[in-house]
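Chain naming follows the written order as A, B, C and D, and within any one chain the residues start at number 1.
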Amino acid sequence: MASIVATADEAVAGIAHGSTVLVGGFGLAGVPMDLIDALVRQGATGLTLVSNNAGNGTAGLAALLDAGRVRKVVCSFPRQSDSQVFDRLYRAGKVELELVPQGNLAERIRAAGAGIGAFYTPTGVGTPLAEGKETRVIDGRAYLLEHPIKGDVALISAYKSDGLGNLVYRKTARNFGPVMATAATTVIAQVTEIVPVGALDPETVITPSIYVDRVVQAAAREPGACGVC
Amino acid sequence: MTAAAACDAETVEHARRGPLSTDELAARIALDIPPRSYVNLGIGQPTRIADYLDPAAGIILHTENGMLGMGPAAHGDEIDDDLINAGKVPVTELPGAAYFHHADSFAMIRGGHLDVCVLGAFQVSARGDLANWHTGRPGDIPAVGGAMDLATGAGQVLVMMSLFTRSGEPKLVPDCTYPLTGVACVSRVFTHHAVFTMTDNGVLVNETFGITLGELRERLDIPLVSGLT
Amino acid sequence: MASIVATADEAVAGIAHGSTVLVGGFGLAGVPMDLIDALVRQGATGLTLVSNNAGNGTAGLAALLDAGRVRKVVCSFPRQSDSQVFDRLYRAGKVELELVPQGNLAERIRAAGAGIGAFYTPTGVGTPLAEGKETRVIDGRAYLLEHPIKGDVALISAYKSDGLGNLVYRKTARNFGPVMATAATTVIAQVTEIVPVGALDPETVITPSIYVDRVVQAAAREPGACGVC
Amino acid sequence: MTAAAACDAETVEHARRGPLSTDELAARIALDIPPRSYVNLGIGQPTRIADYLDPAAGIILHTENGMLGMGPAAHGDEIDDDLINAGKVPVTELPGAAYFHHADSFAMIRGGHLDVCVLGAFQVSARGDLANWHTGRPGDIPAVGGAMDLATGAGQVLVMMSLFTRSGEPKLVPDCTYPLTGVACVSRVFTHHAVFTMTDNGVLVNETFGITLGELRERLDIPLVSGLT
């Protein structure tokens, strides 16, 4: 059940050095920008960052990386046209990379949330990303054994929360939010709007309140003002 | 022409014309996508195929960041930061669309529910191995995204690529020298110069454009089959 | 993509002898009663039935069992106050039972739909239901290896379908429908109402049309008239 | 009295009164359920605990057939065939409820997200093994339902049962003779005669009702601890 907090700084309070932090978003959709900015201010370091991308431009995750807070990145798609901060740190040996196919990344996060000890996936078989992984043939098909990715903290963005922390998302901004919300010890959501308990249709809730610890209303943001748009 | 018909026929040589333009190639691939199928078009060039699908065919586009029923690119007022495709381009929503989270999206891919995906490639081998995620060059930062999941999970994996590198080296090869994305997963390769089908009897040339079968045989290091009869 | 068919008999046409049939529902909520009745009329035999329960009273699954069509039942909760048909057949050795904890049942069905080769679950460790299953300690905790349950056919019940087969459910009648819809070669849904394409909010679709093959509108039913209410 | 306080205290003997009635027992268990917790009340007697939870405590009830925010039993016009609990009893929906499918519901259970579940039992062993799904008698048909998942997954597994069988045999035993539901999973046992806590130092008696600690020691075949100081 969520506590509704007043500021993003309050929302990220207490994130420990060395934490594994799951961060939602794909491209810019669903990125919890206020929470990431607050995490930069908060100062936790030695972080393992689990996210689909490794930062764009100079804001958000790129700023977190640039501030030297990230020890390791677990992601599917670090290299983009504007991933210069990650690129520089990686080439300088200042950040470790674990590259995970996007579907295995999502499923490993789900497994952590769902209490699955490990699972066999066909994705990656016969590729360099299979190196060091157990393989097994089941019913004539080859699979790799993949393990859960559990976060100490998840930072996600949703559209609306009710007063308990039930969340709904909007369009493709849903992406990693719902699975990350299941897979971290402390789940922190920024939302566009907070509505009273009972205002969300129970059929449409995507992340039930059981998964959410803290909710903060996102600051109003000028289009294009986030530095990465 | 259906794929099945093309497979059985002798090679059709269109030698008097030049190679296909990229738009012509996209249109050619669109012809091979069955009506009412569910299709993922990879980021980059394959995205263009959408412009050549028959709207009456009822083909439904999937984007791995959590949507079925994706419409064309968004322009002007249509642009919504929460509605993007896997290439992070703003898109639109068609009637009958559905949104879902990343674990559900890749469950759909991995579970074999997509009929077709079309991917770009660095190389494809004669047995259908795909290499499209990493140059393997020292210092290059890899990014796999959803490519391995799509290559492994889609019902048919089609490749859209140039047949030759800028320096003239074939990209359809006996064995991939680039790191693999998937093993024996590609069923057809569409290039500006020719259309190929991977069969149990070898690589079948369905059509050529601006080149003859004989010339192709000279430029490629793999045996080519002309017709299966 | 679904075909909308006129009758339940048409919907279940072609189900083969010896099929594995996943049947949704928990208690009476979400049970596809019209489809089960039609399956009784259709006559397929030697069926493996996968469902949470093994029939109540004398209608529905109990009637299918009573007609001698079921070779094996895979379920979590066969024995109830009114499961007399199953009880009789089981005690007479006329039907085989594979008892599966409810969560493992749901997850095994999900795995089939999600292309997962097998998974490690903590549920059942140290109990008689672990007999014959591989066990493994991961991070100090014991798990059992469980395999997917894939159906030839799934019979489910939903609230509304649009013309493509996008489904929404109602309250706890959702239960096994969404996972079973992902896990069978042919997925057949009875729904209370069929609405035009575009009439469902894409944020609220639970089962996207990609999973659904046939949809039939359920017959109007008097409360209490189904023989098991 | 909180659970922690009870653990540290000497045994409180209420020997001058009779054993608790089942309603008193339900009320006693309700006292131990922390405010704002997420709770699954097993089918049968544990369902009654709901009537004794403080509405101001914000406790949210889970039912494994796909709902959080379950309200009291439905009566008259409230009855909706699509809205039932795990015991197949019509229930109501509270503001802030959420529905989800079976795989998601058991991911929630297995993933350790429920704070508390209360289950009935045939037997509990001194180390917290639970037996509640199968008598093990030849000819008896077992039904496990969600019991193994709840026993394995819930944060705290509480048992509500009678301490003795009708013939007077203890149900809190050195080792279960009935088939196990889960191993070392029970943290507290609530009976009409006494409340027990499983500790590393043995079975602690927190309270007795209508019986003295000395009499309990005579009737049970396990060592009993009185206070941890």
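One rule holds in what follows: contacts are C-beta pairs under 8 Å (C-beta built on N, C-alpha and C of every residue); 3 or more make two chains touch, one makes a residue touch a chain.
Note that the coordinates shown come from a computational prediction; the quantities given were computed from them, not determined experimentally.
Asker: Any chance you could name the chains that touch subunit B and subunit C both?
Answerer: A
Asker: Determine which of the two chain pairs, C-D or A-D, is joined by the larger number of C-beta pairs in contact.
Answerer: By the number of C-beta pairs in contact, the winner is C-D.
Asker: Need the CA-centroid distance for the pair subunit A / subunit B, whole Å please.
Answerer: 30
Asker: Cα centroid separation between subunit A and subunit D, in whole Å?
Answerer: Between these chains, centre-to-centre, one finds 36 Å.
Asker: Please tell me the distance, in whole Å, between the geometric centres of subunit B and subunit D computed from their C-alpha atoms.
Answerer: 56
Asker: What are the residue numbers in subunit D that touch two or more other chains?
Answerer: Within subunit D, residues 67, 93, 99-100, 107, 109-110, 152-153 contact more than one other chain.
Asker: Can you pull out the residues of subunit C that are in contact with at least two other chains?
Answerer: 107, 110, 114-116, 121-122, 169-171, 203
Asker: Is the way these chains touch best called a line, a ring, a star, complete, or other?
Answerer: Chain contacts: none of line, ring, star or complete; other.
Asker: Following the definition at the start, I'd like every touching pair of chains, please.
Answerer: Chains touch in the following pairs: A-B, A-C, A-D, B-C, C-D.
Asker: Hey, which residues of subunit B end up touching subunit A in the complex?
Answerer: Residues of subunit B touching subunit A: 63-67, 80-85, 88, 93, 99-103, 105-107, 109-110, 129, 134, 139, 141-149, 152-153, 179-183.
Asker: Taking the complex as given, what residues does subunit A use to touch subunit C?
Answerer: So the residues of subunit A in touch with subunit C come to 107, 111, 114-122, 136, 138-139, 141, 143, 147, 168-171, 201, 203-204.
Asker: Which bits of subunit A are touching subunit D when the two form their complex?
Answerer: 1, 110, 112-116, 162-164, 166, 182, 197-198, 200, 202-203, 205, 208-211
Asker: In their shared complex, at which residues does subunit A touch subunit B?
Answerer: Residues in contact with subunit B: 26-30, 52, 76-80, 83, 86-87, 90-91, 97, 99-104, 106-107, 109-110, 121-129, 159, 169-179, 206, 223, 229.
Asker: What part of subunit B is in contact with subunit C in the complex they form?
Answerer: On the subunit B side, the touching residues are 36, 38, 58, 60, 62, 67-69, 93, 95-100, 106-114, 152-153.
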